[in-house]
Amino acid sequence: MSFEPKIVGFLCNWCSYTGADLAGTSRIHYAPNVRIIRVMCTARIDPTFVMKALTDGADGVLICGCHPGDCHYSEGNYKMMRRYPLLKQMLADFGIEPARVRLEWVSASEGQRFADVVNDMTQRVRELGPSPVRTALIQDMAER
Amino acid sequence: MADKLQIAIYWGAGCGGCDVSLLDTNEFILDVAAVADIRLWPIAVDGKYKDLEAMEDGELDLAAFNGAVRNSENEHIARLLRRKSKIMLAYGSCAYMGGIPGLANLTSREKIFETAYLKNASIEWGNGVVPQPESAVNGKTLDLPRFYRRVYRLSAVVDVDYFLPGCPPQPEQVKAALLAVVKGELPPKGSVVGAFEHALCEDCPRTKNEKKIKKFYRPWQVAADPDTCLLEQGVLCAGVATRSGCGVRCPKSGIPCRGCYGPAAGVVDQGAKLASAIASIVDSKDPEEIEGILAGLPDFTGFAYRYGVPASLLQRSYRQ
Amino acid sequence: MEEHKIGVYVCMCGTNIAKVVDCDDVVRTASEQPGVVCAKTYKYMCSNPGQEMIVADIKEQGLDRVVVAACSPRMHEPTFRKALQTAGINPYFLEMANIREQCSWVHDDKQVATEKARALTLGAMRRVANHQPLERMSVEMCPDALVIGGGVCGMTAALELADGGNRVHLVERESTLGGNVARVDLTAPYLDSARDLMSSLVTRVEEHKRVDVLTRSQVSSLEGFVGNFTATVETIWGDSASVSQFKVGNVVVATGYKEFDASRVTYYGYGKLPNVITSFEFEKMLRAGRVQMKDGKLPQYIALIHCVGSRSKEFHTYCSRVCCMTALKYAQEVKSAIPSCYVSDVYIDMHAFGKGHEDFYRRGSEAKTLFLMYGKNDHPVIRKAGPGDDCDMLIEVNEKLSGETIEIPADLVILMVGMEAREDSEAVARLVNISRDKDGWFIESHPKLDPVATTTDGIYIAGACAAPKDIPDSVAQARAAAGRILARTIRGVIDIDAVFAEVTEDKCSGCRICNELCPYSAISYDADKKKSSVISALCKACGACVAGCPSGAIAARHFTDAQIFAQIEGVLA
Amino acid sequence: MAIRVNPKLIDELEVYGAEDVQNCYHCGNCSAVCPFSENPYIFPRRPMRNLQMGLEDKLKGSLEPWLCYYCGECSEECPRGAEPGETMMSLRRWLTAKYDFSGISRLFYRSGKIELLAVIGAALLTALGFVLWAVLRGGSIYSYDGPNAFLPAESIHIFDWVLAGVLLVLLLTNCTRMWWFTMGRDKTLNASVGLYLKKLYALPLHFITQKRYAKCEKKRPWAVHLVLMLSYLIMLVLIMFFLAGMSASTIDWRLHVFGYIATVGLLGTTIFALRGRIKKSEPLYAHSHETDWIFLILLIVVAFTGILQHILHRAGLDAAANLVYIIHLMGVVPMLALEVPFSKWSHLAYRPLGMYFSLVRADAVRRVPEEAAQPVIVTQRVVG
């Protein structure tokens, strides 16, 4: 069977997590590959989380927060917006394909949008294939 | 002789600076010599691997291993020392986190060989020889240590009791550490010794204010005010994310901290943390502008992980 | 990490979860995990028997950590936390895995969904092992309330609160109270006068000794947190302005709506054709008691066009809920004003959902209103009538009930304009820190179970600022909000969520990176100690400072690195 | 091209009896229960909609009202009390008025008084006419037949034929107008003469059997109507062809037996109908327009006096017989002269014609390209 990626999703409690719940209550079906972890705000998301997820075997990481200007904490999502480019830069330097990590704005009323984002991301990561991180680290052990 | 401390000092993939740092303790080293037998110290004392192999397990009291693990020889000795010594000390940032040699993990073995042996101005063209684990020379086979695909921190190879950070560790800290061993006043296993829990800023004399950064500068681009925090002035300084213990040498002399003492206690990934902190205080809400401001940080990864790629979560490059 | 006794409870939610997720399988895998003392499924975990089962297990088997795999924690986390409390353990020893909204309701492949449910549950289990006991703190609750908006909703809320014994500050932007209802003649469906309705309400408000009315005023800032807000209000006096400041415990936002601007619709010729007017302009006529055309003549034909700005892709997709009955009201008011006048009512659907509305519709039809149906995406077109016609305008409609393309004679066309969020709704949202939906309406904390509260504690929304509403609904919400506030102020103190950020002092290096990051200025810096610290009452637990702290000195209670790491490992295991 | 709505029409129809049509919100139940409603003739819903919107021209051209027998099921099923059955009835009255070129029928329907006056007037004129005529030609009130009979059968016979001729002309003119409104002017139809001939059978068939009426779930109204219809027909034949024999002093059973049957039929059905209208026993009797009353009363008067003068004559009371005969004629003349071409009775022509035309039209429509064909509307009001 074809490769099914494991994606970790960090969702902010107020917009995106609620949006994901709305997708549920509206019975909008989407790809089952994302495992959602709830944080209060994208501002809580530390690049460490993303790296941790990748080393623990995630093939992709999805970060969702309120649209800029609509943050429940008024500015939290801007913090994430600022960390994101730096994070992407670092991951690129570690040779990890940019498409594996993605930041999206999904509001509490955008259940459909959340579903679309998940489907699209899953598709892209599926095309990339499994993340090299886990396997490479295991190989290293074998080398010695 | 039995009442004397039995010590071995070894260098793996390192620059020798750590060995020098021992000598930087000046006459203190003589006191050490007075209370201890230095059974192995390639840079200073004559000694052979076979002598080491000949020792009984646990015969040594302390093995101070500096430098990272880059090849099979490094690992072989690391394992030997571990077996022979009661205490295994990762001495200096290379042993502790991979150090400068660890930066090699951001590239590949092939690239390194290419640069070192094939495309190097200082080598004879055309003979294209790269080190081989084994090579036949008139009927006999010579063998070289195997050059690993990547660099490892010491603790990735053997069980380490204590970590002494620093590139190199500061003499005072070295003394303190050695004294602790001599006196037998040892902290719990796995501790970082010769350094504090908190980050550098606490000990940095520069005044700190709320931080917002519109533009980053390389150190040589600005005449930074000597009394205020370098970061506030747009000069990237790793101090905020670095364990204190060095005595704030760099910032005190006008140079931003490079983070050689590793992450503050409890921080998993020094580079990620630094990135998180630095990006958070970028003063803009516009994606383009943010990109622009962050572009003022060339090779941020190299900076953030200068001493600790092998100790980071991702540990190495995955570029195919 | 010390060993725990974990209980795992997988809810079937009737068949909502069980029909897609193999709950028994989830239980099986869970029970194989270290530290799991018991793992069970049950039909409805949130039901009393379900909760009692958990409580019993905690007591009998000495569980100290509980995982409930069920619906969204946004739904039932409080329920199960209470259960833990009843069982005598710390409510924060609970973690929920969302296997309904984010699993069984969105996937259909049983095997895949079950696997995902397993992962989510495992994540919760790993996380809960790292949970720490947290205590809620309680702070003083100021009994006074602030009501923003002096319409029927705001005034009702204010009176309810004041009658309850609390001091109320009622802030109204305009120079008079009354809001939109004051612009209406009669009300549907009972045709009693809005003017009478309002005047009595206004006098009561103005004369109430515990209501302090601030007209021509705007709230310029709202600082603090539930029970302890400080409101700053600017009041305009002619050309001068005065600023007043007072402490309030709770806020009711009743800023209402604004009518849709008909000139945005080009095809009805509003603004070009003199006798095309909006419903509110018509209300003016009715209040003045003169239904007439621009030139003063009596109209012989009046046409009502529904859903102007509502239920269309180009403007608003939602239904404004009051226009249908208002239109029927016009039909009847016109008939009584000008018996010889013929009324055509051009609608998409006739929404007569409310109490007495169907009868009202019947009366409308008995009054010989000609009901005509047009297609959602096939709106009527109005044109000037020719000299030969006995009317001013002709409206062409593809009439759906007959399938005929017809033209309706009209002397006066009334556009039933819908409701939309006020331009300043964004500013208000920022001011009181609540969120808005895509149409600009304020979002309630739960659309069904908590319709007047918001995601910001102490801020309540009532009336048409949350969505189009008629008078009874607005009044009901006003009283509901007031009721909620009274219920909380009675205690005098208010519990604050135990989830907030805290600084470990000796880890803090005083770098002051965090100082700038807090949107609530909840972080203070002690210049002598050279340390930063969090004022927990002000902290809303966003975690910006936690992720921002480069030396890991700040911990987010209930969202610690350790907990999140554990959950990451869990969902990927 | 858009059709102009006329909101006033609904008021005009009120006079014809359509009082509740505005209550209809187009659920379509009426058309669903109606045994006659089928493509392309969906009713009562469609005519009611056209009436609400005042699409006068469409109504004038519609055959649906003539396809309805007013069994009243639609009215019983209507959730809004919009009385579709009565609306169809009113439309028939309105159409009768529209078909009539003279405008007399419009007058009658718009005011019962006028019709009543007309009837009375006609009756008095008839009485006066016959009495004068009889006196002038020296007829004796004491003799019913024979050489100096007061009203000699042969002359009455001639009079009958003249009257019949006149009525036929009037009625045919209106029927032609009906044809023009419903068929002739409709350009979308291409009904060939052949088609008209092919379907011609329908005319006598329905006229005599009323078989369509039998499709109603309730059979009784059909039975009553059929008996009335046949009795009237028999009577008409007897009068037009065997009047002499009827009024002859000797009973010819081969002839008179029909007379008696017809009389019983007429009396029975009219009494039944009157009773029904008074008690409002059936939906079709629930609403009675003035024209309905006048028609029934005339009918019963005629039937009663008809048989009464016959009995009196048999009893040898010639004078009384003659008097009653006068009264009989006073009923017959207005009944025929006014009711047949201008009022209720005209439906004896319009209904069969309607059915005949509907068959032709259905075929003609089927032949024209789809887009020209009338769409079938099944839209219902969506309750929000």
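We just call them A, B, C and D in the order they show up, numbering each chain from 1.
By definition in this document, a residue touches a chain if its C-beta (ideal position, glycine included) is under 8 Å from a C-beta of that chain, and two chains touch if they have at least 3 such contacts.
What you see is a predicted model; the values in this text were computed from it and never measured.
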| item | value |
| --- | --- |
| Central chain (distance from its CA mean to the mean of all protein CA atoms) | C |
| By number of C-beta contact pairs, the top two chains | A-C |
| Intercentroid distance (Cα basis), chain D paired with chain C, Å | 66 |
| Distance between the centres, which are taken as Cα means, of chain D and chain B, whole angstrom | 114 |
| Averaged-CA centre spacing for the pair chain B and chain A, given as whole angstrom | 33 |
| Whole-Å separation of chain centres (CA-atom averages), chain A against chain D | 82 |
| Set of chain A residues in contact with two or more other chains | 46, 48, 52, 75, 79, 83 |
| Multi-partner residues of chain B (each touching 2 or more other chains) | 268, 273, 276, 278, 280 |
| Junction residues of chain C, two or more chains touched | 517, 544, 547-548, 561, 565 |
| Pairs of chains satisfying the touch condition | A-B, A-C, B-C, C-D |
| Residue numbers on chain C that touch chain D, as the complex places them | 301, 319, 324, 342, 344, 349-353, 362, 365-366, 368-373, 394, 396, 399-409 |
| Chain A contact footprint on chain B (complex, rising order) | 72, 75, 106, 148-150, 157, 268-269, 271-273, 275-276, 278-280, 282, 284-285, 287, 290-291, 294, 297, 299-302, 304, 312-320 |
| Interfacial residue positions of chain C with respect to chain B in the complex | 506-513, 515-517, 530, 544, 547-553, 561, 565 |
| Footprint of chain C on chain D - complex, ascending | 1-5, 7-8, 10-11, 22-23, 25-26, 46, 49-50, 52-53, 55, 58, 80, 375, 377, 379, 381-384 |
| Touch list for chain A against partner chain B, complex | 46-48, 51-52, 54-55, 68, 75, 78-79, 81-87, 89-90, 93-96, 132-133, 136-137, 139-140, 143-144 |
